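Lettered A, B, C, D, E and F in written order, each chain numbered from 1.
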Amino acid sequence: MFYHEPELQYEVEVEEPNPYFAKMLQQAIGGVEGEMRVALQYMFQSFAVPSDKPEYRHLLMETAAEELGHIEMLATAVTKNLEGAPEHLREEARENDAVIDAMMRGGQPRQALSAGLHAMPVDSNGVPFSGNYVVASGNLAADMYANVMAESTGRLLATRLYEMTDDAGMKDMLSYLIARDTMHQNQWLAVLEALEDHVPVPASFPQEKENQEYNYTFMSTFRERHEDPEMPWTSGESFDGKSEFSFGYQPGGGMPSVEKTIEEMHNEATDR
Amino acid sequence: MFYHEPELQYEVEVEEPNPYFAKMLQQAIGGVEGEMRVALQYMFQSFAVPSDKPEYRHLLMETAAEELGHIEMLATAVTKNLEGAPEHLREEARENDAVIDAMMRGGQPRQALSAGLHAMPVDSNGVPFSGNYVVASGNLAADMYANVMAESTGRLLATRLYEMTDDAGMKDMLSYLIARDTMHQNQWLAVLEALEDHVPVPASFPQEKENQEYNYTFMSTFRERHEDPEMPWTSGESFDGKSEFSFGYQPGGGMPSVEKTIEEMHNEATDR
Amino acid sequence: MFYHEPELQYEVEVEEPNPYFAKMLQQAIGGVEGEMRVALQYMFQSFAVPSDKPEYRHLLMETAAEELGHIEMLATAVTKNLEGAPEHLREEARENDAVIDAMMRGGQPRQALSAGLHAMPVDSNGVPFSGNYVVASGNLAADMYANVMAESTGRLLATRLYEMTDDAGMKDMLSYLIARDTMHQNQWLAVLEALEDHVPVPASFPQEKENQEYNYTFMSTFRERHEDPEMPWTSGESFDGKSEFSFGYQPGGGMPSVEKTIEEMHNEATDR
Amino acid sequence: MFYHEPELQYEVEVEEPNPYFAKMLQQAIGGVEGEMRVALQYMFQSFAVPSDKPEYRHLLMETAAEELGHIEMLATAVTKNLEGAPEHLREEARENDAVIDAMMRGGQPRQALSAGLHAMPVDSNGVPFSGNYVVASGNLAADMYANVMAESTGRLLATRLYEMTDDAGMKDMLSYLIARDTMHQNQWLAVLEALEDHVPVPASFPQEKENQEYNYTFMSTFRERHEDPEMPWTSGESFDGKSEFSFGYQPGGGMPSVEKTIEEMHNEATDR
Amino acid sequence: MFYHEPELQYEVEVEEPNPYFAKMLQQAIGGVEGEMRVALQYMFQSFAVPSDKPEYRHLLMETAAEELGHIEMLATAVTKNLEGAPEHLREEARENDAVIDAMMRGGQPRQALSAGLHAMPVDSNGVPFSGNYVVASGNLAADMYANVMAESTGRLLATRLYEMTDDAGMKDMLSYLIARDTMHQNQWLAVLEALEDHVPVPASFPQEKENQEYNYTFMSTFRERHEDPEMPWTSGESFDGKSEFSFGYQPGGGMPSVEKTIEEMHNEATDR
Amino acid sequence: MFYHEPELQYEVEVEEPNPYFAKMLQQAIGGVEGEMRVALQYMFQSFAVPSDKPEYRHLLMETAAEELGHIEMLATAVTKNLEGAPEHLREEARENDAVIDAMMRGGQPRQALSAGLHAMPVDSNGVPFSGNYVVASGNLAADMYANVMAESTGRLLATRLYEMTDDAGMKDMLSYLIARDTMHQNQWLAVLEALEDHVPVPASFPQEKENQEYNYTFMSTFRERHEDPEMPWTSGESFDGKSEFSFGYQPGGGMPSVEKTIEEMHNEATDR
């Protein structure tokens, strides 16, 4: 069950509103690397943890709630960047409204047309958030790798946004979000460390059931066969410590045999 | 530049065709955990590696080419599962065509209606593959975590499919694909090991620019404040070895101040 | 800023797990009439309310937080319906695992394949939640109509689900959710009443700028012209009390004139 | 059965072509607030009205046919805005073709690349129209609220477009479309008035089956409990006249109990 | 400008309602091969034809209006198939409502949950119609090939549906729709014949600007080079009569050189 | 099974990097007319060809492999266009980084934010590639028309891109791709010629089962009935040579009869 407090989680100030930056911020709200994704991802992962593992249920849900607050911060930042445009932008604008002009020229006109100059659950390309961005597999180790990945691309996004703005307010907010991504990467990696011996994921599948000839072989697919380049992934102990890497080629499994399908499908033209 | 050989990468046999299993296999083709995703993901990641790092460009592209062959294997498996239905299924069917009956009752009618009983670039729910499943961030460490995640959820999917079939041919094919996922998890983790000191990703962003107060603090968001539970993510050395985990609460950043937007947006009803 | 409490908002019990009903419940989670939509819709609407109208900001956010709790309840209900299948279902199943069998035959295999028998942010057809379901226009009156609509289709969905189950636990949970939808319809309609004189939305646009000939005329488009049927929308005072309804036909605006586009578009075949 | 007449429904002139405005107009064609949505929505709603209620079937279909004509008008407007660019735009353009330049810089390049400088069934962000925008619930009252909402956000969109252009032709066309939205809001509200006593929707569900404790209570979710603010939605008669509003808090339903799922799902890492 | 007549274009009867067939019919409404696609495709193509070619504008629009009537017929068929279930289906049903049971077991629960047992703008997999199915390129020859393709896959779909039903009413309706697809294939091919000399499309691009070495060569990409198989596409006069087919291999264009991107992108991990 | 060679299929040079053109090129990668679509389309079509027709299986797969190489070329072109901006663009830029500025102003910010200035599997509007672009019907004739259409719109796109750039390197690459599209149009048309007598598609459906009254009649839907315009599609021999074109009107099929649906759907408001 959720609660809200009207204060923001961290302060959000914009010194010089920039409607183009408002568009960029959308990636951190509704983009695949954004806060809606992680908030919902941790939430759905938490829902799937069995009740006898409350430490993981809570860990995931506490961070989900934190991420909901980041959506709120970023939406506030979008509004503040759209509220007005600095004088020098206004001057060079064709019409006397620089914000509307930016909407028309830039690639996110729906911030004006659909949302009245506010944030939306879409990414910076204008594409709506999709439920399929959320990874919640039911397997904790797989989920943790999904989370490290989400926080890695998320922190990367935040640093790129940081580089693109000179606004002190925006830099301060992003420096907070970057810090949180540092923590979140660390916390999910700490869980993986606590799980130990989870590779290959899922660890519960008996490895003797997997094909024993090709489970630790790097498979080269260059047209011209080349020698084992002796890289850390073609020789030496495998990462999971369970075997040795080797180097090889695609085995080849014979020609596929595909029959004609039943007549009612009217695939006829294929067999004249 | 790509080449093809008409042989399959590994043999694909189906002893007893099962149209319901054909539907399940679609997840491994066009699903978010499937082969289209990894083939394209490794391909786009490879395109982004600078030319002076050919070992990573090639590693990614060689595995991309391997995964293209997995799409081919799985598509063959779908066709073979749809080619006919075993006698006992036929008998219990309302009409004398068990396959069409399964199409109508089950959830993937387009395998018949749109594809004439063949594979499609959609998932097992019937939802089309999306380019947004592909993660290729330009940053090798972030990409590697995306790859470990893809192979973790991919192997998890393959083991679940393995448990759902009794067909010896399908079990053999899946045992090969599971083995390859084992290798791929290991190879991407081996790359991460080779990169060292890459956490937090991206490592090139100077950490002194991130907020120093909240970058290693687990942020509890329970409504009722509770004590530090002393978990591996609330105390002790942080995973990246650069600090100590601590335990805290959301800082609070004051009330958000949001102005009225410009008049032309006609947001009037908000201010009566 | 958000907080969470591990207790559910209202109790969720399932007496006889039913994997088919789990699929139906997905509509109330990730469907266009579902809880993810209203939670996010009220949240984004709240973000857009100016700070000098805190009563609306809070009203929207308090209900958003309530709806987040409904996602949690429904996800719990999905898991409980998938945890096992009643004996009589098991007996009629082809294989000895009724749940997996239901996954294969029914239309939501990803609940098993992607989520390990748990809830997902998708609808009952298996289609992922889309950010474009969220309506947050920046105009409070338009938003309130969107909310009444969301709660009307939402309550309709909940009553249909109520009719489809015999499970006492599910009926109790749904009776709670139906009650909340009753309240939410009432509260948004109460806001509209408080706004008064808001039709036509947006009320701030000066009506003298709209075409005065066609703003209160029902436009009949039947091929064979028919007489004014004297319905409440073709005659009498208009709903907004600002004019009289009348009855008429499409005015006709002349033939469209469309030039050839510039040569570089290579639209040539159109002009031979 | 449908018929067409080559004349436009209302005249469409553009005095000074503006490729940026062409992009904005796409929102009114293929956007969630656009004409494709309402045309199809009223059509599908009409299909679902029982034959013994022809007045509603016809009302919906007549307006659907009108909206089809609006798509035609707007598509004509898009083409006319792309046909050429005014001289002053041409001069400031990098290359000597201002239209193509606008395509390259602005956010809707597919108007040139895919459509040869014509309209497309996409929104102003470039996102394709989705069948999931259409609301046709089978319940007339719910559908009417969906229609009022569609015409409210639609009229809001049209007024925002009106504010963004100085072109007399475009202003005239928009003033006609705004007028039609005024009528349509009025006509759907007139239907709701005719239906009376339809709140809460659906009215046919016996209210005694809904939870009696929480169906008229505003549920406060602020972290810090606060007093009843005595707003029109927390006290006094409820909007539907069937009860009194009250003010309260989330009831709390105990800890969710979630079991481990069956072994074949390989969710193992969750229970170490 | 559009008109409607309440009569259907062709009669629609269902002798024995079948909810599973209702699901299949959705493919012909909202699927990529369905009537919404062709209706909108011909409409948008018509919008783009210059006014001095009224014969093509009208041809396209007249057929668009016809296809709108097919949506109406198919939606009526869906409703009639969902109105009730035949007795023998009812008997074998778990509960006493066969239709709801079919909704729960089959793959299109939203026909009940969202639409109250009516048609929806989605396909038979439950996926919503997308504006990106519509092809309207601005070039008439390209559009005509798109139309022949649409009517080919559309007729194929209709024949597959025809084979899947024993219902005399449904067979009669489908036999009408199949006949119309025959006509439409013929009419678009007749336009192509009238255009002559339009291959390669677009014919207005001067062929001397295209690479002269590779414009009529079949490019073999087998890993093992093989001989010219002397097929109608590797030797002899080319289809367009402008050259001779030849047989060859991929030219090879040197190693791609990709630089490091600018520092602010933080792609650092790639260059250790 | 697939192989790769690190060389490009054809050389890719960019003389003057242009970030706006990089955005345009995305249409040729992930757009509906792009290379991902044809590569996957030919691949899935090939999977569906029965083994006793190897000439078609191979033809399709060889061209699929060629198209994969085009994705690689175009992705290289995108990177090269984003690597830097020419001096004169830099000068007029607000900040000293013209590329990032172009990202912010233009409509494809994710090329920077998500991909670190590299190619993505999305179109030029920023919309992700969709599996539903792929047409693989199981019927070879229908597939061939889909392929002619894909190569027609593909070549059209390439010529439009050619017209939009002055860069000699880009023009050379596009002149190669345009040439390949010429060949591919010719090769698919050559297959159709080899199939002969395949219209109407599918030819295996007995035409005597289709409605004999309306299979060769052009159906006029103008509101005002007009005379047969004596066009090549209203009179004379039909394209398939099997009948004569005639000219007529919509037959009319009586009023649709739609019953009330079952009570549990709560569609009540429709019948007051």
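Just so it is clear, a contact is a pair of C-beta atoms (placed from the backbone, for glycine too) under 8 Å apart; a residue touches a chain by one contact, two chains touch by 3 or more.
Given the structure is predicted, the values throughout are model-derived calculations rather than measurements.
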| item | value |
| --- | --- |
| Third chains touching both chain C and chain B | A, D, E, F |
| C-E against E-F, pair bridged by the larger set of C-beta contacts | E-F |
| Farthest chain (mean CA position) relative to chain D | B |
| Identified repeat of the B-C interface (over half of residue pairs identical), from B-E, D-E or C-D | B-E |
| Interface numbering overlap (same over half, different under half) for chain D and chain E | same |
| Inter-chain centre distance, chain B versus chain F - centres from mean C-alpha coordinates, in Å | 26 |
| Centroid distance [mean C-alpha coordinates] between chain D and chain B, Å | 33 |
| Residues of chain A engaged with two or more neighbouring chains | 1-9, 32, 47-48, 58, 62, 65-66, 69, 72, 76, 79, 100, 105-108, 112, 114, 116-118, 122, 125-128, 130, 132, 137-139, 141-142, 153, 156, 159-160, 163-164, 201-202, 205, 221-223, 250, 252, 255-256, 258-259, 261, 264-267 |
| List of chain C residues in touch with chain F within their complex | 156, 159-160, 163-164, 223, 264-266 |
| Residue ranges of chain E in contact with chain F within the complex | 3, 5-12, 32, 55, 58-59, 62-63, 65-66, 69, 72-73, 76, 79-80, 82-84, 97, 99-100, 112, 116-118, 127, 130, 132-133, 135, 137, 139, 141-142, 145-146, 148-149, 151-153, 155-156, 159, 162, 175-176, 178-183, 185-187, 189-191, 193-194, 199-202, 205, 207, 209-223, 229, 231-233, 238-240, 245, 250-256, 258-259, 261-262, 264-267 |
| Residue ranges of chain A in contact with chain C within the complex | 1-9, 30, 36, 40, 43-44, 47-48, 54, 57-58, 61-62, 64-66, 68-69, 71-72, 75-76, 79, 114-122, 128-132, 134, 136-139 |
| Chain D - residues contacting chain A, complex | 20-21, 23-24, 27, 31-33, 105-108, 123-127, 153, 156-157, 160-161, 163-164, 166, 221-224, 250, 252, 255-261, 263, 265-272 |
| Of chain D, residues touching chain F in the complex | 1-6, 47-53, 56, 95, 100, 104-110, 112-114, 116, 122, 125-128, 138-142, 195, 198, 201-205 |
